[in-house]
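By written order: A, B, C and D. Residues from 1 in each chain.
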């Protein structure tokens, strides 16, 4: 809502042995994963090998009406996808699951992540006559799997072999006429987990999707693992995978995932609360109340409060009735925009020294407006605490971090930032402590956006191009 | 959301001397008041005496598109309304502001409340040949004002005289070709306040509407007062009003109003927090964490936590992506319905003794399901605390409290309720303390739903009929 | 479509003794009457005395979806209405059937026509405290009936007495909890007929509504007659009616009614064909082909062809795919607008002397553009024939004839008009012959728009005001 | 409307040198071509080499709102497409223009027709690793062009070479970053013509698209010709094309094309009128009136009337107000369905011997219902005449003729058909005469559906499969 980073996707899959209404289950699972992407969504359903699909731009609860779900029908296997994005036209074109035919049949594919060698793979494929309908990695991956499928005995072999060509971040859910396959990149950048519903298996980006449909968590898909689910049950393919240091995106814990999810063994809520506790130790202050920016700063605020002993309070009320056609205040009045969606609870902050906790500061503009709201409501001091370290480097693995020129922390010292945001003190969680926020420490994390240490080679083409390129547009010249 | 009571309305009005874009300001103000009614909404705009209006069923941000606002146009005076209700067809018919022509011109009227003598007034009017298009009190009030207008020199005189005939609860905002009038019943059942925006005046049900448009609070409309705003400024008419004990609905503080509003001098947030504090004193318990049912139980949970010293925690995550066409789980699976909208944060409650705070318990069915969620997530004990006393009596002043046969507290002892909800202990705020939750104690409160002490005579016809009657339907027999 | 006059309404009613699906039958009947009004529509259904209704702006097939019909439910009596109009907001407010409660129960009312004393009646009612939600005559009539109902033993008595107060044109269909009533003004300005479906009765503006639902025509409602249908069958009340010369609107035959309808004993198609035959006798010409402007000029063109012996041809193709959101060409390019909706069949007119027949010429602007299309397509001569006489006088009985200043015939001689439209010759049916086009000559016709002979006194307020007044708007000053 | 055959598409393209608003022009052109396909539509716009597109299921005037056209933007080249189809989901997926990226840039492609070797080409491409998103020939053609593009110096060379691989019917409009290309198969199965608008070129399936935007006809694209339009003007490539007997689908003249179009030198209206004249000679009868089934039978009815001397009459009124959400009568009552959309003009047929002319008889069921309408309206005799010969063979070139088992003429003798339809006599235009209906006889026609003489080899897989296959579905087994 307020100047936040965006995850690019959430995925879900189900292989039912219990005559579940799998379209509706997928609908509710995607609804639970909606926070991972609000641009577009889609469901593909497999009924005895026949794959039907529907996808469109919009929220799950707007795109999938009773009529659409009815037309989708029911079956034994289904996969679904939610996606973050912008322009309306391209949103629909790039919506997933991608459903394509190849020589051995039809497959549907949903992906969360970002390949670092997508451009190279695309060029190589185009040189062999491939055509591309979308600008998504999912289409590149579909081609690579199809290429391997021609030489493989099974779809799972094709997926496993394809992984040798793919570099970067991906959490894949694939449906063939008879199988459901889940695959996670060797670094395990983004989460992917396995659950059970009666005698059936489900896979999802986050455990909150399991809770929403009454499934129970079984285990995470391991980095580099391919999981195959079919009538005979569940099989794991791991031998092909070269040993790599796992590097789950730390920002999944800090902001992306839902607090009620458990990701790679760690409660998201606890991780955020711990981040708040570390912050309180690193940047203590004498104050009267700790408040969080709703909703993402609340967990860390509680941690800060508990560690510091300063009471936790409700500082803001968010208007939750923003419908599809909400009329945004004009550009000229950005400050009003914040106020219409968020109002201070004056009773909490008036005459108080306030510790304001948020999960991260990207451009800093929204925080400045929120601070002004607090001062207008009578706060005597505002101490800003960010439960993420400073953003200094671009992300190539599926997060839309701005180019450095827009990152406030890249362009300013802490003192300058403090002045820009007009706060009395400002503290960021240290890069040392950010790696300690997870309960489960058996795996490593990717903290490249804070440290610049990239687990795998960034793409050759510049980041700026990647995100400034108008999706749905194309080269302006015809090449010979 | 979950088995809650419903307020019947929110109102807003603006008289602009500053060339404001009053349609848009009314839109944002209604958006801020949306919690008071989600069934239907409407805006009437007065441009140099010509009144245009638009109303429909649905949320403010769905009904008022750019195009509709543009067609409404701009002007100097505007009023708006949000309303709670049910059936789609009747929702539109009963939407307000009501706009009618009478012999002296056109007026628009928006009301929050419920007359206790509406049926008698209606019968009397019908005997004189009146016809009714709607089942709303607003139409009865319009007739009464019109009747008085024929004998009065001004619209404000007519409104003042009309108040002699009206019994029960009403907070009115009326627009004539040249004036904006606000009137509140002599008991002051529901809030109504005055604000200022530049050199212009605004009136609204709650102060949060002022915050959303940048207006500042001036004062409350007093019980029984008529406030007239026109080009000459603001005038108050109070002499007509017989002295009555004011009796603001205590449930405005407990549940209806937004926590960031200040109602008749009391912060809603503080009142709820205090309710939690009283609860902690009345029903202390040895526990590990205090959680609130989102969103209405959070403020009281903080009060309970502060008073008791038991840490406050985030127990639930609410899914905020419920769009217009959200597919409800089938009736058969009510429990699932709760889970899809609300998930427990297992890390907060697992292995813990939990104090669960909510603002009220009406039928008790939803709480039972929420308690089950907590137990499934591993809570070892669940201690339920209600920041409202037990609901025992029907409300005749604008709240849709069920007939007694559906009130769990009317039908069961506390111990029975504890068993039904499957909690380890259960406590309700006492009726003594509920009257002490407001910061500002200069006025009295209506606590009839808890105590049966009605500030003014209930209507003669039975409550059951009032709410079971199909709106939009009619007598089945033709009378001679 | 092209600069045509507009009828103001179509009505339908059914009293079923056969468990018909009356909502759906009313839907199809209104669909057949759609040509009488495309602005708004509505249906009211009576189930055992409980009246439900739905109305909105838009076409029948857009407003009434499966869901809306389902919510309307079924019953024993239903009435429906289609209405012509313009602005979206007011269209919905003024949609009929009007459904109101009075002291003796609820009634629904649908009207086709225009009272000449509506303003006086309204003023009188307002002086007694009446309030008006709409600007429609239907609301005035509802009040008058209600006033009489208080003094009458039955609804039909009230309707009969009310007719003493009503002046001008009206064809009413009224539904009380137990009865269906049809009433036609003493002049019989607009059609109203009775049909039978199994053992049930239906009433409608035109017989084409009967054909669409498989009902058979029984007879016309006589001018001044009140027809009452209830469980005991059908009753006629006529004694109250003072003898008047009937004066059915001749334009019903020329343009308003559907060619497949039979109106007051005359086939509409035959009347138009006869108009063409008279035209051919009055204005013969040496030509190669006779074409009609689709769709309203086709019948008369066939008559002209048959009488003159000049072959009939298809001169134009009309694009029938104009959806709800069709983007109109910009104002600047009106000519293009005609071409996009209507294209010439060059093969029919190229190198030919063409007789072009249309039903009427109001402003003349569209005809001029159509003539240009013919010349561009190679027509060597264009001879224009109008099957209506010249429009010279305003209509006060339910047709939206422009004020005289916009009528081309009022402002220009025939020769000037010929030049303006750029035709080689121009002929209008004579006022003598227009009265002879009906097969059934037992009743008289209203030809006031051609002759200025008004069957009943026109209203005192000027025509200009009547149509220029912004519906949904109001007086600009507050009266003392 | 009534049991008709369906064309599969209409195409349009514009290369503007005059700063035209090409999105809007394409919109109006597609609107004029809407009769060629009502399932889905799309427009692709090229602004300085950047191609944007939008496509969806639905009518042109529903899909392209102001907002969508605005988002599409303007440019120098645009192409558009309308398509016939069924299921909603697949309609959107298969909508054209197809827009794909290949190694040399982006192209957009719109096609009218049906390849006979699509399955073979697809298999060949899949064996090389191609994946398919749609089931349309357009995607196959895009691959073939892309394959050739890798070896060609220009897009037009690629298109020309690709034509060597394509068998069957296609009328292509292709847009590359800098060029607009039109190509027609060597048989010229479907029409494709070139027009001029100011200094700009347009191409379209039919000339009526030119009329709608004010363009003038230049010439037809020749069978086998590739036309290239770019900044330097218009170029024709014909040398590659092997001499073939042209074989334009005769059904374009009989039914598909709009009567105001001129196709390969012949007026469609004249061709239909001539068909009626031949019919009158072949099957004369003593009768009172000739009527056509609207709208497709009207032209031939006029021809029959002129040749026979029997007067032409208007037999039916079609309801033109069928909106998007029209509620179809239930399956059980098919007869009612006809009556709701079509009503007889009783005055025309009552007591008359009627000649009923339609363009074709496929299954015969609808005609039987129409005949019943006539008899119910009092026709004493009904003589059915079809201006197409009997349908006996499937079509493989872009028309959805049913498999033979559904063709009434394949399963019954003329006498049996006469009895089934309950007509007094029945006549079909002879296969000899059908080839003579065109004014311009310099080219041959495909009459395979009547004669079984296929201009080029039908596909190997059975027709039944082709059309019964659920689009959007897939093989049910995974192949090894």
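By our rule, a residue touches a chain if its C-beta (ideal position, glycine included) is under 8 Å from a C-beta of that chain, and two chains touch if they have at least 3 such contacts.
Since the structure is predicted, the reported quantities are computational estimates derived from the model, not experimental observations.
Here the chain-to-chain distance from subunit A to subunit C, counted in touching steps, is 2. Listed by label, the chains touching subunit C and subunit D alike form an empty list. When chain centres are defined as mean Cα coordinates, C lies farthest from subunit A.
For the pair subunit A and subunit D, the distance between C-alpha centroids works out to 46 Å.
Centroids of subunit A and subunit B (each the mean of its C-alpha atoms) stand 38 Å apart. Note: centroid distance subunit B to subunit D, computed from Cα atoms, is 60 Å. Residue numbers of subunit A whose C-beta contacts span two or more other chains: none are found.
By the document's touch criterion, interfaces exist between A-B, A-D, B-C, C-D.
Contact residues on subunit D toward subunit C in their complex (touch as defined above): 24, 27-28, 31-32, 34-35, 38, 59-62, 64-66, 69, 208, 211-212, 214, 258-260, 262, 267, 269-270, 295, 298-299, 302, 305-306, 311-314, 316-317, 319-327, 329, 336, 339-340, 343-348. Interface residues of subunit B facing subunit C in the complex, by the touch rule stated above, are 48-54, 71, 87-89, 98-106, 123, 126-133, 142-143, 146-147, 150, 153, 155, 176-178, 470, 472-480.
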